[in-house]
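Chain IDs A, B, C and D follow the sequence of writing; residue 1 opens each chain.
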Amino acid sequence: MSDNTAHDEPELVQLLTPEGELRHHPDYPLDLGAEEVRGLYRDLVLVRRVDTEAVALQRQGELGLWASLLGQEAAQIGSARALRPQDMAFPSYREHGVAWVRGVDPRELLGMFRGVTNGGWDPAEHGLHLYTIVIGSQTLHATGYAMGVQRDGATGGDDGTAVIVYFGDGATSQGDTNEAFNFAAVNNAPVVFFCQNNQWAISEPLERQSRVPLYRRAAGFGFPGVRVDGNDVFASLAVTRRALQHAREGQGPMLIEAFTYRMGAHTTNDDPTRYRVAAELEEWKRKDPILRLRAYMAANGVADDDFFAAVDAEADKLGERVRIECRALPDPDPLDIFHEVYAEPHAQLDLQRAEFADYLASFEDAGAEGGR
Amino acid sequence: MSVNLTIGKAINAGLRRAMEADPKVLVMGEDVGKLGGVFRVTDQLYKDFGADRVIDTPLAESGIVGTAIGLAMRGYRPVCEIQFDGFFFPATNQTFTQLAKLRRRSAGALGMPVVLRIPYGGGIGAVEHHSESPEAYFAHTAGLRVITVANAVDAYWMIQQAIASPDPVVFFEPKRRYYDKADVDTDAALESAYPMGAARVARPGTDVTLLAYGPMVKTALQAAEADDDHSIEVIDLRSISPVDYDTVTESVRRTGRLVITHEAPVSGGVGAEIAARVTESCFYHLEAPVIRVGAFDTPYPQSRLEEHYLPDLDRVLDGVDRAFAF
Amino acid sequence: MSVNLTIGKAINAGLRRAMEADPKVLVMGEDVGKLGGVFRVTDQLYKDFGADRVIDTPLAESGIVGTAIGLAMRGYRPVCEIQFDGFFFPATNQTFTQLAKLRRRSAGALGMPVVLRIPYGGGIGAVEHHSESPEAYFAHTAGLRVITVANAVDAYWMIQQAIASPDPVVFFEPKRRYYDKADVDTDAALESAYPMGAARVARPGTDVTLLAYGPMVKTALQAAEADDDHSIEVIDLRSISPVDYDTVTESVRRTGRLVITHEAPVSGGVGAEIAARVTESCFYHLEAPVIRVGAFDTPYPQSRLEEHYLPDLDRVLDGVDRAFAF
Amino acid sequence: MSDNTAHDEPELVQLLTPEGELRHHPDYPLDLGAEEVRGLYRDLVLVRRVDTEAVALQRQGELGLWASLLGQEAAQIGSARALRPQDMAFPSYREHGVAWVRGVDPRELLGMFRGVTNGGWDPAEHGLHLYTIVIGSQTLHATGYAMGVQRDGATGGDDGTAVIVYFGDGATSQGDTNEAFNFAAVNNAPVVFFCQNNQWAISEPLERQSRVPLYRRAAGFGFPGVRVDGNDVFASLAVTRRALQHAREGQGPMLIEAFTYRMGAHTTNDDPTRYRVAAELEEWKRKDPILRLRAYMAANGVADDDFFAAVDAEADKLGERVRIECRALPDPDPLDIFHEVYAEPHAQLDLQRAEFADYLASFEDAGAEGGR
């Protein structure tokens, strides 16, 4: 009988304690220059600011909805900074930090939550697929994409291509996610499954989704799983780097469970006071990913007050830009409804488009007449 | 006792009454417990009936419907909440190949008193997959009953009728109308409620029959109100499978014209079947072909376009005009 | 070169030609490899193109379609085999919410040149779930193209056209006709083939239009042959979405009568949409309502009853008679 | 990182070697009387005979299809004999041995494969759900049923109720099966997942379905998994008994991987020579479940030649009965198409039934007239 309790590896890979102390981990060495560390800090602060701004914009009626990444910045920035340009990332709907790293302008994200687009950016250009809302679906896309990478002969060696897919703790319950684990394992596909276990799927705590820690799921499908401190940007970076390397070299998939916390509501529609206690949030605030990095940097002379002030100022400017650009996002043309439904003509739809154009024009005519 | 309830609260009250009446009734789905569902339709049920009867399931729709089938086999009457229309699809296999077929397969040995509650339709400014109208898929699937409500009175009674039904019932909730209110006599006997399978003339008229269901009933009534040129009879279909053709054809034979409106894309929508059938049975009464007013045959667009995508008052009136232009 | 091929072999030859022409074309599904598929439609492809291009997938239809989407994102053109109609349903979510929508969502940045091959329909004496006709679900789903074939010539060309299409195409194969033969000119250029989206008059006539597709085309032709009283024009629809209404309405305007037949249950079937639309566009030409002849609105029955369940020659002729009884 | 290779438990629980030698296993003690052993032998022989007969009947055109259990008799009989009357079993489509034990007459099975019914028996009467063809679907039904058992307060203690669900190696790839594992784990539902790994899913060998032994899947969901020699009726019985007890007592699910072999074709439609080598079958013939039990019985005086001859004679009689009864199975009435589609009236369907009845009658009238 296989044992489902005893595990002799450490449960959580951590390189930076909540107090900002560096820890060494034999399996995940990390050697970052001060510049790189400052870069990570900047990322964390800026994406948090974009997020705060977006929440405010939603409150002001500028966005239909926003899914906040508050608390998950380190998991996202750390993992995304492990990616190389040739890699491909598949987000869920909360990976604003990943989008940031992949060079997708926050404006594009806001456009989707404002309802002016259903997507926004060109996935190939950024190495980032569009957000996916139907939970778990993207795990199979990533696996298929990784199977394509294999067929292109683009794995093996250091310059191989790897794929990463993001999903939540709730998503591990979906059939699709488990099928993706299995397809990836059977095909030895170069895909890293990056699960942000933020402890909640809307109102459901982890124990409604799984009886055991999520990283263990991987072994059941025959590939390695690891739990990393998702509020530790160093550990998230180091573990993801290693997993991507594993994939890149043709050794197949890995599952990373980034142990983190959704500090905000599920989305701006949600009211977490209905289902979770305030004390939990307080506890996690002490593990804040930004505070600990700042503490480390300050204590170790990686940055001075000027640097922190400069980053804050940059964040303010970014926030302002986001605010202005969001408000300025133009509404799409009504005929965009028909745009790119099909690549080639489709008689019925083309007729509908033409009729609708006439219908719209009839109002304009009427309006023009009324104005005379 | 007459209580002024929103549609959402009326469903909640109906669920509560069904749970009180029959300990075998269970509520299950994502976030239906402490949260009371993302629309609060199961509000307070968890507190009052406990985790055994109000089950926060793992995030897996196939699992929800599949385990509901098993619970039904064991004598329970599960009411499953599918959080949004667009998230039903992982449960298609369990619903279409299992739930819908098990009674006939077993020659009646297995009853499937399972209810799927699905908030549906657009108009709430939501992101993708939160505004779908998938009812035609269900209506084309033998073995299911498909119903929807347009007001709080029906909401209160029809959810109870759905739960009492020995057949699987798909119960579509018009999410953009959740807050519409009406007075509900919550003390009446369930048996005295208007039958689940029957359509209702929501507003009598003489010139044209305007058939709607769910969220479009309100729009249809507004159209009837707004149209000074024609006397529009509005029918609230209520049951999508079966369709109450007696009520529909009686009306069409009187008015000679039929306009059907729904939020779902026109092609292959529920309106197609009704148009085809009514045309067959009222061929010599129809002064014009049946006109359908629905969404375009495209994916549901980004929310800033939904007012153009969904049939609105103007489009419905335009449809009525087309019915008279023949 | 003209070769006498069964429908199954013609699809096989078409797949082979597409794979030879474009190294990005992949075949994937359950048992498509060494076995060549349970209907042998992928016979020998594994041997000749290898395991990287002919992929025996794990037994999971959602996984098949979901990974095909990912492969398409990487520039491949996957042709997925769904082993039987009744086993498509686990893939509904990936097909309806992802495959069908990704092009529009991405404003065209993501092409989805994926083909789903689905052997469909009954009449082969199979056990449950092996005889379904689910095409109406797909036709009601914007973003998909849906086609089907009735003879080996179309089978050979249309599978290639489907693969060449930049849009996702659901390719329904009439499994009980897999062994029907025809001469196929396998040397012609793909560009010269009859267009994928066009219907075809399979047999001209003057009194009534009989519209069929897939497995029912043969039955329709037999009906035309058998009916001494009426001159039946048979249309092979070929494309279910879009429908070639030009060809259909041209015929109906001439004949004044339309009978539609398909194996799927009548209610909410593809015939409903065509009936509704043709009635609208040919209102003053129709001498009788559009008559639909399909299966009953029940689950597909045990095989010993399927000859009663499926529309057969007698039922089709009965439908034609009904069209004249008006 | 969790380890997916090292496992210190024995891979295969075996109590009876292929040569018929008894082995002791500390975790799975089995104390069977001679009568019980003879009963098991009789079961094995009789179900094999029914199966052989059914294959023959299909060849003769009496059945549309048949899915042979050849080689899997011990896994099925052993596990099913571990069930108690109050337990509920959910089969796939190949569990003729389980059906036998649950008192379902072979006639009922033949009826389904002949196409005169879509099911046959009353599940409640036999504690056996109908066969399920859509792979994996029944795993969720069983889990839901087990959740009902919990709600009935019917677990805990020795007389609790347990549920077992049968599925194949291929079925482990389906999303539904994995969702069932998870629902069962999270809810601690009293369900035993009994996977007959017969090495093939039609033409696909196990390595196309899984990268690691299947029993390990369970640990990933947080419950025990065990691999048993599925050609060993004793081990199948003992392991299932323990797993059912585990469930019965409220300790939650277990996964049993019965390592066995599909000695025949997938179904009568299949031609295994296209995808597997004959040598494989030869090897497994040496592990035949019936031969080894017979060898054990003979060597240990559990039965004599008379007994074996009597069982063979009984099998002959049974085969003959099955043959005769199968041929005599009446075709259903055409109006059965409409039977029990709904429990209550459905206007459209009721009209269709009435119209069809008229339509059928019109032929009879015509026939009657013609006959005059």
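Keep this in mind: a residue touches a chain if its C-beta (ideal position, glycine included) is under 8 Å from a C-beta of that chain, and two chains touch if they have at least 3 such contacts.
In this text the structure is predicted, and so the values were computed from the model without any measurement.
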Between B-D and C-D, the pair joined by more C-beta contacts: B-D
Which chain has its C-alpha centre farthest away from the C-alpha centre of subunit D? A
Please compute the C-alpha centroid of subunit A, do the same for subunit B, then give the distance between them in whole Å. 35
Using the average of all C-alpha atoms in each chain as its centre, how far is it in Å between subunit B and subunit D? 40
For subunit B and subunit C, let me know how many angstrom lie between their CA-based centres, rounded off. 31
Touching two or more other chains - residue numbers and ranges from subunit D: 117-118, 134, 173-176, 179, 182, 186, 208-210, 341, 348-349
Multi-chain contacts in subunit B, i.e. residues touching at least two other chains, fall at 57-58, 60, 62-63, 86, 89-90, 93, 97, 101, 104-105, 128-129, 142-143, 241, 267, 296-299
Looking at the complex, which residues from subunit A come into contact with subunit C? 117-119, 121-124, 129-130, 132, 134, 137, 139-152, 175-176, 179-180, 182-183, 186, 339-344, 346-349
For subunit C, which residues count as touching subunit A in their complex? 26, 52-53, 55, 57-58, 60, 62-63, 65-76, 90, 93-94, 97-98, 101-111, 142-143, 145, 165-167, 197, 241-246
Mind pulling up the subunit C residues that touch subunit D in the complex? 30-31, 33-36, 38, 56-60, 62-63, 86-87, 89-90, 125-130, 267, 296-299, 301-306, 308-309, 315, 318
Once bound in the complex, which stretches of subunit D touch subunit A? 1-4, 7, 9, 27, 172-176, 178-179, 182, 185-186, 188, 207-212, 215-226
Where on subunit D is subunit C touching in the complex? 64-65, 93, 112-118, 133-135, 170-171, 173-176, 201-204, 208-210, 269-270, 274-275, 331-332, 334, 336-338, 341, 348-349, 352-353, 356, 359-360
